[in-house]
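As C-alpha cells, here come the structures.
In the two complexes below, chain A is the common chain; its partner is chain B in one and chain C in the other.
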Partner chain A sequence: MKKHITYIVLGLLALVPLLGLSSYMMHILILVIMWSVIGMAWNLLSGYCGQVSFGHAAFFGVGAYTAGMLYSKLGISGWWGFPASVVVVAVFALGIGYICLRLRGPYFALATLAMGVIFRIVAENLVGVTGGDLGIMLRERTWIDKTWYFYIILLVAAVTYYLVRKIIESKLGYYFVAIREDQDAAESLGINTTKYKTIALILSAVITGFAGVFYTNYMGYIDPKVVFALHDISIITIMVVMVGGVATYWGPVVGAIIMVLLAEIIRSIPKLGTAHHTLFGVLLIVIIIFLPNGIVGDFSKLKRLFGMRSPAP
Partner chain B sequence: MSLLEVKRVSRFFGGITAVKDVSFDITKGEILGLIGPNGAGKTTVFNVVNGFYPPSRGEVFFKGEQISGLKPHQICQRGLARTFQVVKPLQRMSVLDNVVASAFLRARDRKEADAIAAEVLNFTSLDEDRNVISKGLPLGKRKRLEIARALATRPDLLLLDESFAGLNPSELDESIQIIRNIKKKGITIMIIEHHMKVIMSISDRIVVLNYGEKIAEGSPLEIGRNPLVVEAYLGEAQSA
Partner chain C sequence: MTAIQTEVLLQTLISGVLLGGLYALIALGMTIIMGVMKIINLAHGELMMVGMYIAFVLFSWLHIDPYLSVFIAAPFLFLLGIGLQKYLINPVMKVDSILPENQVILTVGIGMVLANLATIIFQSDYRQTPVSYGTKAWYLRDYWKDSPVDISLSMPWTVSFTMALLITAGLWFFLTKTDMGKSIRATAQDLDAALLMGVNVERMRVVTFGLGSALVGAAGCLFIPIYYIYPDIGGQFTLISFVITILGGLGSTVGAIIGGLILGLFESLTATYVGMGWAPVGRFVIFVAALIFIPGGVASLLRSRKFGK
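Then we have the complex of A and B:
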C-alpha cells in the first residue's frame, strides 16, 4: 500500500476534474500543485544539498518572463516557454551560482536574497525588454476552462516528483546530502563540491522556472512585482518546505496544501486579511520551535501529540 | 619507490610558520608515523598533503605527479584519502549511507556502491551499526566510521589523523588490528598519533616534528633513543 501511494494519489488527482468542482476550487488545486513543484525544486537545492536559497523568485520570474516575452516579443505561444526556459533559466542559474556558490551557509542565503531583489529591480527598469511595471498581458488565454491547466501542472508535478526521487536515491542525491552535512568532509571524500552544488542549483532553478512558465500561461498576466516578489515567492517557497518537511518527498506537497489554504482563509477574514504575512511569520516561528523537521518530518511527534499513540517503545 | 614525496614544504598563516621546510618520503606499503608535541604542525602537514591548504613553499608529489595546488577532491580521486582528527561524520545520514556516499567515487552505480560499502563495513566491523544515524554513534565508532569512509574511496595512501585518540583499551586493540589489516591489503598509511605505545608498535618508520620543523626520522627504535625527540617531549635533561 505504502509503496503505491504515489500512484494512488496521482490517479485520484487525475480524476478530480471529473467531479465538476467550481472554478474557484480548481484554481486553489492548481495553485497547490504549482507550489508543490516550486517547493520540491527548492527542496532539491536547499533541503537536500543544504544551500538555503532566499532568492527562488529570481528563477520563477525568469521562467515566467521567458514565456511572457516569447509571446510579447516573438508573438508565439507562451507554452514554448517550457523548452525555452530550460536554457534561459539554466544560464541565469549558472551566473547566480558563479557569484553565490562560493559563499557558505548564511552568506549564501543572503547573497541569493540580494539576487532575487536585484532581478526584480532590473525587470522593473528594463522597460524596453520586459515592459517594466506595466507587465506582460497575454491577450488570449489558451483555455477558458481550468481542466487542461490542471492536467499540465499535474504532469509537471508528477515528473518533478519522479525526478527528485530518482536523483535523491542515486549518486547525485548522496553527494547532495554529503555536501549538506559537511562540505569539507565531502570534498576530502573526492566529491567536487562546486560542481555538484552547481548541478543542484541548476536543477532546482529549471524546475522553479517551469512553474514560472506555467504561471504566465495560466494567469495570463505577469509583472515584476508579482513574479519576482521576495515575500510572495521567495519566502513562501521556504515556508512551503519548512512547514511540510525539509528533505522529505511529500513535505513540499503537504506544505503547499497548508500554505495555499491558509493564505486563502486568512485573506477572507475581514480586517485580518491584510496581515497574512504577519500570521505566516508567527506560523514559521511555531514550526521552527515545535516541528523543526516540518509536518512530514516530525509526523511521529505529531501523532503522539494528538494521542494516536504508536506501539509502545 | 616513493608513493608520496613531500619536498621542502612550508606553510605560513600570516606571520606564523606552521610548517617549515619539511621533507620526507613514504614508500609504498609502509606505515609512516608522524609524531610531535601539540602544535608541532602535524595536522597542517596533512592538510597540505590532502589539498586543503596549498603549501606556501615547496611541493608534494604523489605517484610521481605533482599534487600540491590541486583541490582535495582531485587528490582523493588520485587515490589519497584521509580522516579527520575532529571527526566529521555526515551527521544525519546512517552509517551505511555515509560509506555509500564515499563509495560512489569509484562505483559506477548504486549496486556497486552498496557492494563496496558492505565490504568496507564488514572490514571495519561496523556491520551491526549500519542503520544507526551517525550522529548517535559513540566516539570510538565514529573514529572507525572515518576510516571506513576513507577506505570506501579505495585509496592507495591513507592519512589517519589521530584515529586512536579517546578510545578505550578494547577499542584501541580493535583499531590497531584494523590498521594492520589495511596494511595487509597493500594500502600505505601515514598516521598522526599521540598514543606512543600504538605508534611505536605499528609504525615502520617515524617522522618527528617540533615547532613545524622535522627534527628526526627513523625506525621506532631509533626515534625512542633520539635525544632530540626525548627533549621535545619531556624537556631538556637536567644534570643533577
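Then we have the complex of A and C:
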C-alpha cells in the first residue's frame, strides 16, 4: 500500500475532472498543483541542497515571460514556452548561479532576493521587449473548460515528483544533502560543490519556469508585478515548503494545499482580507518556532501533541 | 563641458553624497546586527517603516517636528528590537532544524506582519509630512555672486545628512570608548573568546538587536521630511542596506559608511544620466559588480578590520 501511494494519489487525481466539479473548485485544484510544482522545485535547491533561495519569482517570471513573448513577439502558441523555457531559464539560472553561488547561507538567500527584484525592475523598464507594466495578454484562450489545464499541470507535477524522487535517491541527491550538511566537509571529500550547487539551481529553476509557462497559458495575462512578485511568489514559495515540510517528498504538496486554501478562505472573509499577510506572517513565525521541519517533517511531533489528549494505551 | 553640464554634475554629486550619508546610517544598523548575531535581519526596512510612521503620527497629531521625533522613535524601536530578539529570534536560534536559515525566514515573517499591520492601521496611501521648511534651499550664488556655477543645497536634506553624521559619530564613540561597546565588538569578533572573557554574550545580542533597530528607526525619522511613506516601503530599504553591507564588507562598520556613500553617488548618477526608473537597477549593478570583483567588499580593500572570515 505504502509503496503504491504515489500511483493511487495520481490515479485518483486523474479521475477528479469526471466528478464534474465547479469551475471555481477546479481553479483551486489547479493552483494547488501549480504551487506543489513550485514548492518541489524550491525544495530541491533549498531543502535538499541547502541553498535557500528568496528569488524563485525570477525563474517563475522568466518562464512566464518566455511563453508570453513567444506569443506576443513571434505570434506562436504560448505552449511552445515549455520547450523554449528550458533553454532560456537554464541560461538565466546559470548567470544567477555564477553570481550568487559565491555566497553562502543567508547571504546567498539575500542575493537571490535581490536578483528577483532586479528581474522585476528590468522587466518593468524594458518596455520595448516585455511590454513593461502593460504586461502581455493572450487574446485567445486555448480551452474554455479547465479540464485540459488540469491534466497538463498534473502531468508536470507528476514528472516533477518522479524527477525529484529519482534525483534524491541517486548519487546526485546524496551530494546535495552532503553539501547542505557541511559544505567544507563535502568539498574536502572531493565533491565539486560549485558544480553540484549549480546543477541543483538549474534543475530547480527549469521546473519553476515550467510552472511560469503554465501560469501564462492558464491565466492569459502576465505583468511584471504579478509574475516577479516578491511576497506573492518568492515568499509564498518558501512558506509552501516551510509549512509542508523541508526536504520531504510530500511536504510541498501538503504545504500547497494549506497555503492555497488558507489564502482563499482568508480572502473570502470580508474585513480579514487585508490582513492576510499578517496571518501568513504569524503562521510562518509559529511554524518556525514550533514545527521547524514542517507538518510532514515533524509529523511524529504533531501526533504526540494530539495523542496526549487521548487516553494512554 | 559647458557650465550647465558642470552644474548638473556637481548637483548630482552633492545629492549623491547627501543620500549616501543617510543610506550609511540605515546600513549601519544591519551591519552591527550581522556582525554580532551572524544573521541578516530581513525585517530591517520594516523597522525603518515603523520609525517613519512614528514620526508621521507625531507630526500630524502633535505637530512634533520629525527631527525631534528621532528622540522618541529611536528609544521605541530599541525596545521593539529587544522584544523581537528576546521572544522570537532567540528561541529559534536554539531550535534544531534542517535549514540553518530559519532565523532569516523568521525575520521575513516579522517583516510581513509589521508591513501588513501598517497597511491595516494607516491604509496603503502614500503620505507625507508637509514640514514648513520642506522646499527651502541655500544657493551658492546668494553667498558668492560671481560663482561660475550655481549649486543649491536643500535644507531638509542637509539637516538630515548632518544628523546622520552626528548619530554615526555617536555610535562610533559608543562602540570604541564605552565598556558595553567594547563588549559588543568583542562578541562580533570572536564569540567564544568573548564568552571566556566574561562578556555576557546573550545580553550583548539583545542589546545589539535593539541598537540596530534604534539606528534604523532614527534613519526613518530623518528620511521622513524628504521622502514619502507607504506601508510597503520597507522592502526596498532592506535591499539597500543589504547591498551596502555586501559592498562595504560583511559586518564592517567603516565599510558600511563608505559603501553607503558609493551607493548614494552611483544611484544619483544613474538617476540623472540614465533615467529615474533605472536608479534601482544601478543599485543592483553595483551589487553584482561588488560580488564579482570585490567579494570581500570595501573592507577587504581597506584591510583595516577583519571579522572572522
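Criterion: the second predicted complex is superposed on the first by the 307 of 313 C-alpha atoms of A that agree within 3 Å, B and C clash if a C-alpha of one lies under 4 Å from a C-alpha of the other, contacts with A are read in each partner's own complex, and residues count from 1 in each chain.
Throughout what follows, contacts are C-beta pairs under 8 Å (C-beta built on N, C-alpha and C of every residue); 3 or more make two chains touch, one makes a residue touch a chain.
Predicted, not measured: the structure shown is a model, and the values here were computed from it.
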item	value
Touching partner for A:Met219 - first (chain B), second (chain C), both, neither	neither
Contacts of A:Ala14 with chain B and chain C, given as first, second, both or neither	neither
Which of chain B and chain C A:Glu169 touches, first, second, both or neither	first
Touching partner for A:Ile235 - first (chain B), second (chain C), both, neither	second
Chain B versus chain C as contact partner of A:Glu124, first or second or both or neither	second
Touched partner set for A:Leu113, first chain B, second chain C, both or neither	second
When both partners are placed on the shared chain, which of chain B and chain C touches more of chain A	C
Which of chain B and chain C A:Ser188 touches, first, second, both or neither	first
Touched partner set for A:Ala178, first chain B, second chain C, both or neither	first
Contacts on chain A seen with chain B and repeated with chain C across the two complexes	none
Chain A contact footprint on chain C (complex, rising order)	39-40, 42, 88, 91-92, 95-102, 104-106, 108-113, 115-117, 119-120, 235, 239, 242-243, 246, 250, 275, 277-278, 280-281, 284, 287-288, 291-292, 295
Chain C partner contacts - residues on chain A that touch it in the complex	46-47, 50, 52, 54, 99-100, 102-103, 105-107, 109-111, 113-114, 117-118, 121-122, 124-125, 180, 230-231, 235, 238, 242, 246-247, 274-278, 280-282, 284-285, 288-289, 292-293, 297
Interfacial residue positions of chain A with respect to chain B in the complex	169-171, 174-175, 177-178, 181-182, 184-193
Partner chain A, residues of chain B touching it in the complex	50, 52, 71-74, 76-77, 81-82, 84, 88-93, 97, 100-102, 104-105, 107, 109-110, 113, 149-150, 153
